[in-house]
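In what follows, subunit A forms one complex with subunit B and a second complex with subunit C.
Showing the complex of A and B:
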């Protein structure tokens, strides 16, 4: 992305037919710390990497409850995300007041997308610099959507946004077909694996990630650090199964061996997990 | 609930001048009572909904749980009551989003008062009794008029059977006057089961003489273990 003379205003097209300001806004999302979402037939799980700007400060809040049946994870300018989540909460409350039923997720996502689009077509505004992963449950089942600063929205089985999200996305692409039939615990473990991909040098702990779940009969809840730590520890337990599976895959896909090392600690014993995943740099 | 095909006037009695007029209000009758204890609160309301001299339904709940530890019972015009309940629910959701916790009962009491006074010049026709546990886990009862004037006390009743029930509660619960010094606690020294039995007796008595009270009584008991419900049938005449 390079500076050019058509990128000062959001209301100026470039000769190539692009709105650079909108693209720069999407770049802001890519710079934020990662957020991951995945769903099964009954649950949707959101996970976020919590980056603290220094050891002294607290972590950024990236997981927000919108209503009992909807929650979001954000990446990018979290201040913009807070404003959007206030809007989403207000819309859910108003809908429930008027119709006495929960706002369907897809409708809320469209409303947010329309709100974002407005900012791409007013000279006195700027686009929101935050990407949202919206997880929710309605009559048609569990859903996961992404909202972009451009005003676009997409539905996903699983997705990741933010910095180093590609590593997480690769893991998700490999595994997503098995998600639909996963239990809640398996789904959370998959999410934590995906987070680990994005946290390449660091060790996964309840201090640097957050997880939230919504499911059939289960309102949206952000896991507290104790429950989260228990899930993280159960990852170690499942390592043995992972190791054998990964060895098989390594034979089939020799080109992907490096990545396998990152995700599984490969054929290395379970105990190595404590030293943190590979030395691979992005 | 039966369908009323011919719209009836709220005032069945003849007016002193020619020409009936339309009223935005109706009184659906009913009585609400609450008693606060040292570590519990009992809130009860009859389940009859009426209009004029007719019964609309024998099985309508006037009790609404707003928070984990706070329950609202309202008699009066049930359409306004329902609207008020929804309003408070929405406000409570906003509070939870902003403060990350549930509203305490005293906070909800103040919110209800403000909500009622907000419509001072077109009031909610609702006679409310709010009951629950306060921040220290003690039972609290707040009683209101239609425009939000409220007071915390050890027990209260509102609605069509209020004048029949209140003297009985006064007699049984011996609440000290607020003018007495040294000041006495506002909650009453009954056990939870004694309070529930007293409520049942008072409703049975009120149902004898108040035509708008009867069919059944719904009793909600809040204590540190949570909320439980009981129902008791009343005379259906």
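Showing the complex of A and C:
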């Protein structure tokens, strides 16, 4: 994409009827490392490729719990993602306080989309540079949504965003028809297969990916590295035998989110200043 | 008719000559006049914004759960102090498709609550996304509302009964004007607490049919009509089931005044007149 004279301001239309600043914001999402989501009749699984900016640093957190029934995976400017997380958590807790019941995920997604749209129509603001995959439960069942910097939102059976997400999407497009009836374990394995596609040459391990699950009767939880490693190992081995083993691992503390190797702020700012956009985005 | 005992409810003490009393009005809290200008009369006193007394009030509301849903009952009277002023007031209201609300206390505050709930339900309906506010949500919303107003010392002077059915589950709750809230299998407000609840405790069962539950409510409403001076013999019952809310037309119950004890009511209490 090349610069042109209509892209300085988010409030300037191009003659072709485009808002270039918004499109550039969506580019920022495409530069971030991949985030994948897929759902069945009972569960939604989010997976994220964890990239560390250097061997010395820890990777950026991309999976966030918003409430017991909602979680997100982000791609792009994670700082913007954290701000949106905070907003989403606040909305959920306020709704809980007034209505003593969980905020329906579809309504939260619309609120986030409206918030993002505001930034596309104010000359003193810039669009959020993060794409979200929102996984959640409401009365009508499990849902997966995508939120864009443009202020659009979409619902999906399965989707992937971020860099090399096309490879993951190709896998998902091939397999998505079977997702609705998948068990939780099968769904997680599909997610890991999709992550593998995005990683391409790299070996899949619990160090370079993260998985989170939310389901009917199961609060949102980010899998700890042991459970995740067990799932990864089961990808090669016989799929059905491993199912019981994995369930045993997950018995302990499903409500507690166990962080993967996060110490302090993560990768932002650790790399050299002049290295370009890949520093900010994961 | 003898109106000599009429009392308008809680009227502010009327000064025969308001101008001569101006000097006693205090502007201590007045934002502009400050603490030392108590005799200044050019600025009118800031209006009181704290509800102190109710004016037009409804009496008890009863609620019971039964096998297929929830029933609420109330009479259709609104009193102005000691006079039964309005006799066709509907104190029960449907809130969306899942819930019914009954109120005792200040009728104008009930009307204000209804306005708020109408807006809430309309907004919820406009989402059109398969989710809707059920009895749990509305109960909690009303609790937040009532408690919030109580904290500002400006309560909505009502006791609210909320009954609803969602996903096969019956729900019955109460919120009072100070924000006390609870759920139960059978509830009552006002005089109903003293006269109806003992009957509920003895005779309510979880598997009552609709007819049995209505009979129980009618028994209690009749007792209230006999004993509560603000009650009239004109009732409505709201029936909430999975199918929705239905509020009956007002109807009267058979009364019996020919008990021996009623014949000479002062026989046991000799007075000086």
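The rule we apply is simple: the second predicted complex is superposed on the first by the 237 of 282 C-alpha atoms of A that agree within 3 Å, B and C clash if a C-alpha of one lies under 4 Å from a C-alpha of the other, contacts with A are read in each partner's own complex, and residues count from 1 in each chain.
The rule we apply is simple: contacts are C-beta pairs under 8 Å (C-beta built on N, C-alpha and C of every residue); 3 or more make two chains touch, one makes a residue touch a chain.
Bear in mind that the values here come from a model prediction, so they are computed numbers and not experimental data.
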| item | value |
| --- | --- |
| First (subunit B), second (subunit C), both or neither touched by A:184 | neither |
| Partner chain(s) touched by A:126 [first = subunit B, second = subunit C, both, neither] | neither |
| Contacts of A:106 with subunit B and subunit C, given as first, second, both or neither | second |
| Subunit B versus subunit C as contact partner of A:65, first or second or both or neither | first |
| Which of subunit B and subunit C A:175 touches, first, second, both or neither | neither |
| Touching partner for A:140 - first (subunit B), second (subunit C), both, neither | second |
| Touching partner for A:82 - first (subunit B), second (subunit C), both, neither | neither |
| Which superposed partner A:115 touches (first subunit B, second subunit C, both, neither) | neither |
| Interface residues of subunit A shared between complexes with subunit B and subunit C | 97, 100 |
| Touching residues on subunit B, where the partner in the complex is subunit A | 86-87, 89-90, 93-94, 97 |
| Complex interface listing, subunit A residues touching subunit B | 65, 67, 86, 89, 93-94, 96-97, 100 |
| Subunit A-facing residues of subunit C, complex | 127, 129-134, 136-137, 139-141, 144 |
| Subunit C contact footprint on subunit A (complex, rising order) | 97-101, 104, 106-107, 138-140 |
